[in-house]
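Read through the structures below before going on.
One chain, chain A, links the two complexes that follow: it is found with chain B in the first and with chain C in the second.
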Partner chain A sequence: MDEKKIEVLVCSGTLCYLMGGSELQLLSECLPPDLRGKVDVKGSPCLDFCNHPKNGRPPFATINGRCIAQASVSLLIAEIRKEIKG
Partner chain B sequence: MKTRAFHVDIDCAQLSKEGCQVCGDVFLSRRIKEEDRIIAVMSDGLGSGIKANVLATLTASMAITFTLEKQPIDRTAQIIMSTLPVDSKRQISYATFTIIDIESGGETRIIEFDNPAWIFIRDGKVIEIEKERVNVVLDGGRERQMYLSHFTLERDDRIVMVSDGVTQSGIGTNDMPFGYGDDSIREFVCNRIIEDPTVSAHELAKVVIRKSNANDIYKPQDDISCAIIHFREPRRLMVCSGPPYDEIRDKLLAEMVRDFKGKKVVCGGTTSQILARELGLSIDVGFTLDDSGLPPASKMQGIDLVTEGILTIGRVAEILETMQGFEVIGAGPAVAICKLLLGSDVINLVVGTKINVAHQDPSLPVELEIRRNVMRKIARLLEEKFLKEVNIQFI
Partner chain C sequence: MLIRRELITRVVRLLIENRLEEGINRIPLEMRPRKNGSVRCCVHKDRAVIKYKLMALLGYNISDEVDELTPLSDYARMANQRTELTDTVLTVVDEACSSCRKTSYQVTNMCRGCVARPCMVNCPKDAIKFVDGQASIDHTTCVNCGQCLKVCPFHAIVYMPVPCEEACPVGAISKGDDGVESIDITKCINCGKCMTACPFGAVMEKSHLVEIFRNKREGKKLVAMVAPAIAGQFNADMGKILHSFKELGFDYVYEVAEGADITTKLEAAELQERLESGAPFMTTSCCPAYTQLVDKHIEQLKPYVSHTHTPMYYSAQVARHNHPNDVLVFVSPCPAKRWESFHDPNVDYTLSFEEYGAWMVAAGIDVSALRSTDIDKFPSAEGRGFGASGGVTQAVKALAPSTLKITDIQINGIDKAAIRQLKSFPKSCPGNFVEVMTCEGGCIGGCNVISNPKVALRQLKQAVEAAPSIVSIEV
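Let's turn to the complex of A and B:
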């Protein structure tokens, strides 16, 4: 049976892109071998987290719908591992 | 909003004489929006290189200015001839010119002096237009002959202007010892139009230049210029950027985009989301980076191009401002927008005026200019530098 993939949405809004989101577009290529095939990385139109300060600072991404602020490739990989462990 | 039935597509392609950095032929054109009028001038300066370019630039600039002010042709010619600096070798002041003045509705006046005869093409055939000879007496009693034509352009008519570098290309070669000649260039242009009746002024001018260069065995013996004027149906483009000031107007924006007859570009994540919501469409967000450094373009059904907003339009303004000629080089969403802009005749800019609060953070690493200023700059560049008809609407 196919394991359900972790869905990572990377915000492609201007602010997130400027604040480092452009790097996140390379996430698929930077995944360690054990995570490849387990994660589905997609771009998203502006997720609108940037207009609500309580969400933190851009760039934003979501992992299975959970908001990750100040996202970086290493932070997202760590969060994906947490998500897998549950 | 004024809408013209036809558009005048103008372009010129040039090659400098072998060994010269600067072309001694000059082509200038000006669109006078208020009068719905276009003036174009081609001038060939005496000799080649910088000296010829200076003579031709002076001639073309004066010709445009005097024509703009509707000065009589003999006076214009007299002033041009007596103003040009005298060549130290030949002791004459000289530059040829062809002035084309197209008024609203296609009414056209052409004045030519010593350039190869301009060509008028209708339905893929050369049509001879009657020319009136005008004698101009210059200072010192010298007489010059100029030719004046007056006619009305119809849809899909073309006017071709070439410098003698085209008609005399290949001179001295075995194939064409006396040069390419007027008849051959006429036949060549007609055949190209028959092959592709929608060929753009830009493409047609380039084909003529390439042919002349080949005639000269890729070492141009003179400056080579070809200008094309094509009177045709306008190609329309809408560029929509930014959310409306008031959410009530989101629906209006979506209807404007949906009902527009022509190509459509949407710049801005929020703008594309508004359209997707109002028109029931989905956005396929691009996720492949290119070397432009801009966020990648996305896809939406019925929209020719969907891009990020302020960074991309900022880059569009930068490209339009710095580019030389009409060729856009490079890749990425801003280049794609520029190609669409330059390939269109009538451009509608729809600018949402809602301020993105998140962009006002002073700690941001780049200056995020206010959208309406950038769009105004793009409109100005398109009108003044690229002679496009631009309508800008703030919503």
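Let's turn to the complex of A and C:
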């Protein structure tokens, strides 16, 4: 049976980009071998997290809809692993 | 970097609301509220650092301060009335600096006090003694040669650099007796590497934001001239990026890639002429940090530098011809271009890529969600390619006659080793066309860029692919 892929949305809105979010565009190619094929990475215009301070600081991404603030490639990889473990 | 970007965004927000004088004193308090803890020793120190960084964003050298009690609102008022700019582009925020020890080698507690003591034996200055069974370096005699680090079998000796001094390729930044760094403008080439390297954000670029907004308020028309590297800065195609300038309130936008086409045409002709008249090689001239490097540090290379002007120069010439009374703003990837704009007869002000991004954030514009504007006049693919290293070479090769045998060499980033290499070229150069980019990767690696250079290069390539070849258009 096909395992459902983890969905990652990385924000490429202006604020997230300005605060270092462009690096997140490299996520797919930085995935360690064991995670490849298990994750679906997409870009998105402003995810609207930046307009609500309670969400934390940009850059933002989501993993299966869960908001990740101050996202970096390494943080997202760690969070994807957590998501897989449940 | 992130603090600087937040500061720029806050300043632009006040400028948009025309409340700079009223609002600027509050920024340090808003960013470092009393109860949220501090990054440095205390919240007051944090606020003082922010104050001085804001002073740079108002276009001042920190050393311009006469009275410490002068509030930011006074600087904002004076900046609003200022009519003169200077070509000093970078300023050291002394309040943020002085945290680094002088460059040195230090013995860590990994030292096992071994019997062979290779560090002591190999030290050419006898600067190492053993105290309580551990090596200890006498810094009054140590000359930082690094021998001890190389020979220690336990890797117990570490090199502690001063990041800005380490990054500066020309030795233009150094400590005074008070431990604070200062920039020697007679040596500085305005590459901005110190600004990128300093982990305290103590080097700031002086901004022209106040001037740009003042002209806009006074009803002047603004003309943006965007450097080719802008194509890689946001997740948006060139049409969207050009459109964003209209949204910000600019009246006209030019791609400097059009000026790059003129540079290509003239540079290809100049290369042909020089090589045919027996010159061994020619170097490019479009990177102003490189041309300053030659002027200030490699005099012997001067005769080999192309006399062709930079893409910005030709774009500004065209823009000035079309808009004789408007305000020309160059949108720039690095402080060296800001320096160049100051000396350009047609450019009025510079807006860095960072300032452009912060302006969009302050204005609530998401460039990736904008409609893509129709581009009526495309520059060439090669002109757009100037934004990355290798781009100038490709362009010149495309226009040079096929009979001209070009052996190209690329200096992709200036550091001390690259300077040594450049110095050797007048005696023996392995090629006949040398492209020099001060930043690794070219302008997409400039110190004002927003995007990761790898991501930027991908997008720049898309912008290049969307444009016609230089051989198919009339330059």
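Definition applied: the second predicted complex is superposed on the first by the 86 of 86 C-alpha atoms of A that agree within 3 Å, B and C clash if a C-alpha of one lies under 4 Å from a C-alpha of the other, contacts with A are read in each partner's own complex, and residues count from 1 in each chain.
The rule we apply is simple: a contact is a pair of C-beta atoms (placed from the backbone, for glycine too) under 8 Å apart; a residue touches a chain by one contact, two chains touch by 3 or more.
Just so it is clear, the structure is predicted and the values come from calculations on it, not from any experiment.
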When chain B and chain C are modelled together on chain A, clash or fit: clash
Chain B versus chain C as contact partner of A:Ile84, first or second or both or neither: neither
Greater residue coverage of chain A in the superposed arrangement, chain B or chain C: B
First (chain B), second (chain C), both or neither touched by A:Leu26: both
Touched partner set for A:Cys46, first chain B, second chain C, both or neither: both
Contacts of A:Leu18 with chain B and chain C, given as first, second, both or neither: both
Location of chain C clashes with chain B - one stretch out of 332-340, 368-376, 404-412 or 422-430: 368-376
Chain B and chain C footprints on chain A, overlapping residues: 12-15, 17-19, 22, 25-26, 43, 45-46
Chain C-touching residues of chain A, taken from the complex the two chains share: 12-15, 17-20, 22-23, 25-26, 43, 45-46
Residues of chain B that touch chain A when the two form their complex: 269-270, 272-273, 276, 283, 285-289, 293, 295-296, 298, 308-311, 356-359, 364-366, 368
Partner chain A, residues of chain C touching it in the complex: 1-2, 5, 9, 233-235, 354, 357-358, 360-361, 365-369, 450-452, 454-456
Partner chain B, residues of chain A touching it in the complex: 10, 12-15, 17-19, 22, 25-26, 41-46, 50-51, 58
